[in-house]
Every structure is written in C-alpha cells, then in structure tokens.
Amino acid sequence: DTSLTVGGHTLASRLIVGTGRYDTMDQMRDSLDASGADCVTVAVRRERLYDRSGKNILDFLDLDRYTLLPNTAGCYTAADAIRAAKLGREILKTLGNPGSDWVKLEVLGDSRTLLPDPAQTVDACEELTKEGFKVLCYTSDCPVTAQRLKAVGAASVMPAGSPIGSGQGLLNQNNLKIILEYLKEDDPTYPVIIDAGVGTASDVSEAFELGADGVLLNTAIAHARDPIRMARAMKYAAMAGRDAYLSGRIPRRLYGTASSPSEGVISTRPYGSSGEVSS
Amino acid sequence: DTSLTVGGHTLASRLIVGTGRYDTMDQMRDSLDASGADCVTVAVRRERLYDRSGKNILDFLDLDRYTLLPNTAGCYTAADAIRAAKLGREILKTLGNPGSDWVKLEVLGDSRTLLPDPAQTVDACEELTKEGFKVLCYTSDCPVTAQRLKAVGAASVMPAGSPIGSGQGLLNQNNLKIILEYLKEDDPTYPVIIDAGVGTASDVSEAFELGADGVLLNTAIAHARDPIRMARAMKYAAMAGRDAYLSGRIPRRLYGTASSPSEGVISTRPYGSSGEVSS
Amino acid sequence: DTSLTVGGHTLASRLIVGTGRYDTMDQMRDSLDASGADCVTVAVRRERLYDRSGKNILDFLDLDRYTLLPNTAGCYTAADAIRAAKLGREILKTLGNPGSDWVKLEVLGDSRTLLPDPAQTVDACEELTKEGFKVLCYTSDCPVTAQRLKAVGAASVMPAGSPIGSGQGLLNQNNLKIILEYLKEDDPTYPVIIDAGVGTASDVSEAFELGADGVLLNTAIAHARDPIRMARAMKYAAMAGRDAYLSGRIPRRLYGTASSPSEGVISTRPYGSSGEVSS
Amino acid sequence: DTSLTVGGHTLASRLIVGTGRYDTMDQMRDSLDASGADCVTVAVRRERLYDRSGKNILDFLDLDRYTLLPNTAGCYTAADAIRAAKLGREILKTLGNPGSDWVKLEVLGDSRTLLPDPAQTVDACEELTKEGFKVLCYTSDCPVTAQRLKAVGAASVMPAGSPIGSGQGLLNQNNLKIILEYLKEDDPTYPVIIDAGVGTASDVSEAFELGADGVLLNTAIAHARDPIRMARAMKYAAMAGRDAYLSGRIPRRLYGTASSPSEGVISTRPYGSSGEVSS
C-alpha cells in the first residue's frame, strides 16, 4: 500500500503539496523535491502564476516528474471558479501535462478565513463534473456538504482540518469521522483528502490515522523556518500515519491492564472490533 | 541531525524499542528490524528472559547490531531494582555487549498502572550512579521528581506520556514542557526521552515536536494488529517529529490571515489584553 | 447582567430549553421548571405536538410563564420549514403567546446527524425574514454560513457545538470564536446562541466563557438519568459561565509564576520567538 | 446532596477557597462571601498572616461563619510543614475555631511551579496523622503517591489539576480518574478534592463531573478582573458540576442517532453502565 488513486490518476505519494507562499522559486522547487510528492497543485489565476520578479512558477516545476493539479484559489463565485478551471485545463493541455482533466475546486466564502462557500462549491462542482472535469472539492468539515459534493459527482471530497494557514491541525475529528463513515460506507475506496489547516508533522499522521486517503498542504511547509526540512518531515509523517492506520493501533485504556478500553469502536478503522478505539 | 547521545552511547535512531509482549520471537525480531532502532531494551528478571516455550530472548537478538539496554521491569523496590541492574550488567558483560554499563531503571509503585514509585526511583538512581552505572530513569511526568533524578546523577530522565500500555499518548504536555524547560535550561543537550504511553505514530511525532530527544515504546508495536508494519510507522514517525521540531513550525492562528497567533488575545473577551488567553 | 434580548424578546434566563424526548409530560414540566428557563422551544410539526398517548404538549406548558419559541424540527427543505413556521405562528396567535412573531429555524440536511443544510437554511431565513418573522437560525459552526445568515436578516445565529444529541460539547471552539468575532465586531450586542451538542454542565459554562449570549439544549436534560436534577445543573452552569465570562479569567500559564502565558513562547522550541506557539 | 464531610468536618459548600493574593482585605472578604464557601484556608507562616500594611488577615474573617483550614503554604520540607501545622493548631485553638484539629498539608518541591514534593509530603502526612491531625494532602495527580497518602492516614487526598496559579484546569483527567477509582473502590465516601490549577468556572464543574468530592481554589478568584463576580461564578459552577455528576449525563456519541457511544465505561460515574461515557 502506498499509491492513491483519485480522479483517474494514481499517485505514488499520498501527500499533495501546494506551490504558493515560498520566499523563492528555488526554495519551492527544493521543498517539493524533499516532500516526495508526485502531484503538486498550482493556482491558475493569472496573477498567481507569476512571482514578484515576473518569473513563471511553471518554469520551476519539472513537468516530467509532477502531475499538476490546477486549483481555483482566489475565486469567490461558482462562475469565477469555473472560468479558472477551464483556463487551467487549457494551460495544462498546452504543457502536455496529464493534469489537464482534473481540478481542485476552491470557491471561497470569506477572504479572512479562506473558508469555502458551501452552496457555490456544490454548484460549481456539479457544473464542472458535467463538463467532464474530475473535480476534487475543497470544503469545510460539514458532513452534509460533503455528501452533497459526492452526490453531484465530486471525484474526491477534501475537507479542511482547520482554516487555511491557521496551523491548527484537525480541529473537529468527530466531523471528519462522520464524513469518512458516510462517504465510504458503501464505497470504501472513495478518496477523502484532508486539505488545509496542517501545522506540523503529527497533524498529517493524525489525518491518516483517522482513515483519510491523502493530505494536501502548503503553508505548513512554505512558512516553516526551514521549509525543505519540514517538507521531508511531512513525507515521513504521511508514511507513518498511513502505516499506523493499516497496522491497527492498540486501544486506549485508562491504564494498560484495565479491563476495558476507555473509548469505543469507530467503524472507519480497518480492524474495528470491540477492542478498538476511535481517535 | 539524527544521532542521540545518552549515557555515553551514541544511537543512530532516536527510537528505542522494547522486546516484550510479542506473540513470537520471530515476530519480535522482524518488528525490531522494521523499527530501525539500534538500541533495544530487555528485562533482566529471569522469568522475563525466557518465553512460554523456554526460548531465551537473547538468542533472537543480533548482538552485533543492537546495543542492549537492560531494564529492571517488574521491580517494586529500590533494592530489587539494584539487584536486577547488577544482574543485567553481568549478563551483558558475558555477552560482550556494549550495553553492560547502563541500565533503564524502573521501580514500580503500582501493579495495575505500572506507574513508577517516585521516592524509590530517586533512591535507586542515586545508588546505581554511585556504583558506576549510567542510569536512564523511567519516571512519571512530575517536574519535581524529574529534577531530583537529574540532581542525583541520572544520565537521562524518561517521563511517561501516560501509563504503560494505555495507548493514551502524551496526556500532560504542560508537565512535559516544564520538564524539558527545567532539565535543559542550562544544559541543552541533556537527554529527555518519553517512555510509555505511546499508542500510535502521531504520539511519537508529538513527543519530538515538544522537544524530546528520544522515545521509548513497546506495547504500541507488539500489540498492534500488524506489529511489523507498526514498527515501520514508528520509525517514520520519529524521523518526521524530529525533523518537524528542527524545522520551526508555523504558529497556530485563529485563521491564516489573523494578525496574531490564536492563542493570544480574543476580541470577544470583555477584558481581553495582551496577557489574556483565549480558551 | 442576566437578561438576553433576542428577536425583540427579553429573557431573564440565558438558557433556552427544548420540550422533546422526555419520558412523560410531567417529567418535562418539572424539568423545565428546574431549568429556570423562561423561554422553551416547541416543534410545530403536528406529529410532534402530541405524545404517544395522544396528549398535547401545549397542555403541559404554563403559557403565562413561558414564552414559546416555535421550531421547525423535522423539516428537510426550505419550503417545509416555511410552512411549519407559519403553522407555528397561527398556533401561538391562537394561544395568545408572545412567541407568535419569532421562530427557531431548522432545515436539516441529514437524518442521522440532524446537521443543518446550509443553503436551504439561508434561503428559508431570507424568506421568513421578509415575511416578518424574527428568525433564530440553527446552523453548523461554519463562519461563512453564519455571516450569510446574519446578512439575510437572522435575528440570531445559533451554531451547533456538535451534532444534536451527541453530547460531545463544543468540538470546534476555533470556529465558534471566529463566528463570535465576525458577527459581533461592529455589532457587539448581536446575539449568538450555541444550539445542540451539549452533554453536561461544563459544556454550557464553556459556551458562555467563549462569549456566547445564550445556550439552547434539550437531550442533555431529557435523556439524563435524572432529568430534573440535570435541569437544575444546567441553570447553575449558565449562571456560572456567564459570570465567569464577565469576570475576566486569569491567563493560562505553563506554571503560576511563569513570566508569560503558556500558550505563547516555549523555550525548548528551536526557533521560539514571540510569534511562536507551543503545542 | 450538598454537604461534604472531610476530616470530621461537615461543610455545606463543596467549594473551599483560599485567602491569598487579593489586592485588599475588603476584596477578599467580599469574594469569600460571594463564593458561598463555609471553609476557607489560611497560610499559617507568620509572614503570610499579615498584609503589606500590617493588617492581620484573621481580623477580616468572620470566625463564626467560616471553619478555618490552616495550610502549610511556603514549606519545602516535612519538618517545616510539621512546624507550621502545629503553629496553625495553636492559633486556631486560641481563636476557638473548629479548624484547630485539621490541616491542609503542602510540602513544595519547586518554587517555580509550586508542585509538591512527593516523598516529603508522604513523610509529613504520616507524622502529622500520628500526632492526631486530620491531614488534607495537596499532591500531584500521581496515582501512586495518592495511594501512599491514603495508606499513611490522609483524611483527604487533594490532587492538583495543574500547577498552582497556572489556570490550566484539569490537564490529566486520566490520572484523576485513576485516583478516584483507586481511592474509592472499597471506600466510596473517601473524599478526593481537586486542589490547584482552576482557571475558570467550567474547570470547577469538570472536576465534579469526574467524581471529585470538592474543589479548592484561590488564584482563579483573587486574580480575576472582577474577583467578587468570579467568586459567585465558582459557587454556581460547583453546584452545577455536582448536580450534573449525580444526574448521570448522556453518553458521548459520534452523532445523536449513532448506535454506540463513542467512548466506553468509566467506573467512577455513579450510574456507570454500558451506555455511559467517561470524560
């Protein structure tokens, strides 16, 4: 077990990383390399493709190595996001990159928290799906919205652990567990990817330990004091968390010789049984 | 950065693993291998050196590969623990293993929680240090006892994250931070190793992210459904956590664009001021 | 400070309690009495107004004592909820109860979690407001949806602490803080009421300590082993939490004599600085 | 249920409050009044009985109203604490106060955290008990030390929730649960009082919800912005928490209609059964 299949693409690494917020393009390139990711996401709004000195981010990405995942960061309406998605498709087709058929959909509802707009996200997802896109949807941790997105055709639902750039990790594991239970109950391979909020390595491991299929992050690497080392930390954390999930952890008990676990069973664990524990 | 120096021994891996509680000796051997550890701890009370079928655990450990760390598990008084430590030294000298000069001291105070007896642990540490041992001391997360142990000569203080085998992780990070602050403030390389309580990979990463120098664990691997895979998870988790610690994580904020870290002021508090804290 | 003004009604108690899920009407009546509430919420769908033995819940409520808050529990579309709201208005007018001009809007998105449907809730709130209702809106803890609801005229936004009946308390205090910050920043008296998820008394106090103006709960009382005593506990918890909020709590520190609050700098971090956060 | 019996004294309120750290004696007197406590604890080291202007704290306490609980704050050895306890007994005898036969024992191990010294506390407790004192022992949350204290005759064990004055609340509920389980398993009325660490009202409620018999606090009131109001908050919080504990809370579930609770049984709950939940 290491590959993640989502939207028809099979990725060797379960970590998807962003390309924004780096001090320099060189730092970005080296951090991506250290992260072990084979898929990177790129904002396709024109002003985000170029850095302050006019360099195009695409010139710093080895397109033979990375599958690009175009994203609609900075869009606040469904219409805007749909336009950005189509622009991304054109750019990637021109580049000959395999990522031209998918998109990470972000329709933001608020410029301070960068949290998504639930209604506009559902609308844009439905429309883009009809137009043939494989849509990976950034959303809040709301189980109702997550179900809607899957119902209108999302290739993956990507709930936020906490607000983008907040570094707060997975604030509401209860909601994330409900999302995993709901989206996977009759469809265990449906990919759920935690997107946004990661602060450090243990947050990534926790996401996988809950049963997530992948993690997408950006700021936690780009704004660390040492981005390249943090990228490496995230690579190991993804491997650690996924392996731990598949290994079936010991239950939590009040003390080691206690007669019963201190928490109950949660069905999203692969080896769930009466001795197993949830979070 | 990868090696950990403690008690005069330099270890390539910052993860130390136990040898107990495995179903079979073969499973133990393969799990140790997968963990990447180069130091393993072995209980030296006679009844623990042999398994149910009479096999000696030492026959399944590659003594050219592993530095053994004898431990006094199962001892409930200082006198008992001192006897066990000396027996361990004799055994390891006979084996020609470099671990003959150190010991992991456990003096238990309670057979259900397996939590340590603070007074007896301090007494035994002092005596063993006088007799030339490098003493690594299992203790609770009490900062007062941790300071005592260092004062009487402990080569490393090893606070419990939670009770042995409980799988609860690091329950009192506040105490662990105080211990790290106290033991390292004039002595930054003094080794503090989290021992006991780990349940899964993210617990290991969290220990390193707090600033611990190493982690010792056993049950979380031995009693996982797939011990060998969990051992590998723990190896990656140690690498992830240590790298993340050294990388300088992003601060936690209420949201990514908030002007100050989240754990500072919250404007809805009636008396919010710079000394106030939110939750 | 004790009264809460919301939707033109001034309530002596900041606790609003539900009337469902009790074993008997007598138990309900005595629990409401013990809770100290002067506002109780009643589901207006016909099948919920009568219990198993055909008794009408309204016959057990002292209408001279309680302001009724009709709610649209059990509605899954905006249209359904609007119909229920209008039915509630008619019933309360007939009864001569002052609660005929307001409604607690619930538009559910999922029958298992009873979490709200964000888009339908916004639509129904807008429509009901246009028709002259004072609308108190049950919603998730999503800050984007909370802002929308206020923008379309909600008299109060009522975010869930956790799913109805889950007893999990306030799972995402970060989102609740953002909602309080957003809805109150230019409008400090705008009422925010935590609705759903309370399990026990300390959950109620925490809601007020965060800055909430009120708490609405039902199952935590109705399904406790001793509902009447639990109702009394909730009365005290609301008073305790509100007083604690207004009193300005002490900051959290690593230890009492630490020079700065604990959630600021930790010296063992390698890159600790004033913007850094500890755990 | 409201009274607490400990060391032969029956107290109407389960909240015991300290008398230190107030700005003025008048503020102290009014805060004690608002707290509803009928037992207050007073440090008997001479330098603590007088404030900066030379006023004696005892002149501001209505000795017909309050049972005094002398404490040995500021003592760092068993011998010191024993001397202070005896001095307290003499002072209270002279005053004719019923508190002359008991003492709150503090033997500190560290002047920064004010955490207790486990070994010296056990020694002093044993000696004072032999000399006829009813000894209420401040201790850490270590279950081993708690059992020792009861074994040598402590009238009550008083574990710290977190360091004195830290405002961190109950950091290690797992250890507190173990202490409650151990000290009460064959002796359900043995009084366990949480002492130290309270920051705000919900912390007090949580202590009672865990099963504690009482709470002792000082800084959370004395250093709040409005101590008198905070004292009132604490009175209500104690009533709320105790009532909630006795009421048998609803279990925690992933969502309200989930088929099983999300956590398991903990034996210290009064109505523990398979549907009940721990913390």
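Residue numbering begins at 1 within each chain, and the chains themselves are lettered A, B, C and D in the order written.
Going forward, a contact is a pair of C-beta atoms (placed from the backbone, for glycine too) under 8 Å apart; a residue touches a chain by one contact, two chains touch by 3 or more.
Predicted, not measured: the structure shown is a model, and the values here were computed from it.
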{"item": "Pair sharing more residue contacts (C-beta pairs) when A-B is set against B-C", "value": "A-B"}
{"item": "Same-site or different-site touching of subunit A by its copy subunit C, using the half cut", "value": "same"}
{"item": "Inter-chain centre distance, subunit A versus subunit B - centres from mean C-alpha coordinates, in Å", "value": "33"}
{"item": "Computed distance of Cα centres, subunit C from subunit B, in Å", "value": "45"}
{"item": "Of all residues in subunit A, the ones touching two or more other chains", "value": "113, 115, 163, 166-168, 174, 178, 225, 254-255, 262"}
{"item": "For the subunit B and subunit C complex, residues of the former touching the latter", "value": "173-174, 177-178, 180-181, 184-185, 210-211, 245-246, 248, 251-252, 254-255, 260-264, 266-271, 275-279"}
{"item": "List of subunit A residues in touch with subunit D within their complex", "value": "174, 177-178, 181, 254-255, 260-266, 278"}
{"item": "Complex contacts: residues of subunit C adjacent to subunit D", "value": "111-115, 163-168, 199-202, 204-206, 209, 219-220, 223-227, 229-230, 232-237, 239-241, 243-244, 246-258, 262"}
{"item": "Parts of subunit A lying in touch with subunit C, wherever the complex brings them together", "value": "109-110, 113, 115-119, 122, 140-145, 147-148, 162-163, 166-168, 171-172, 174-175, 178, 225"}
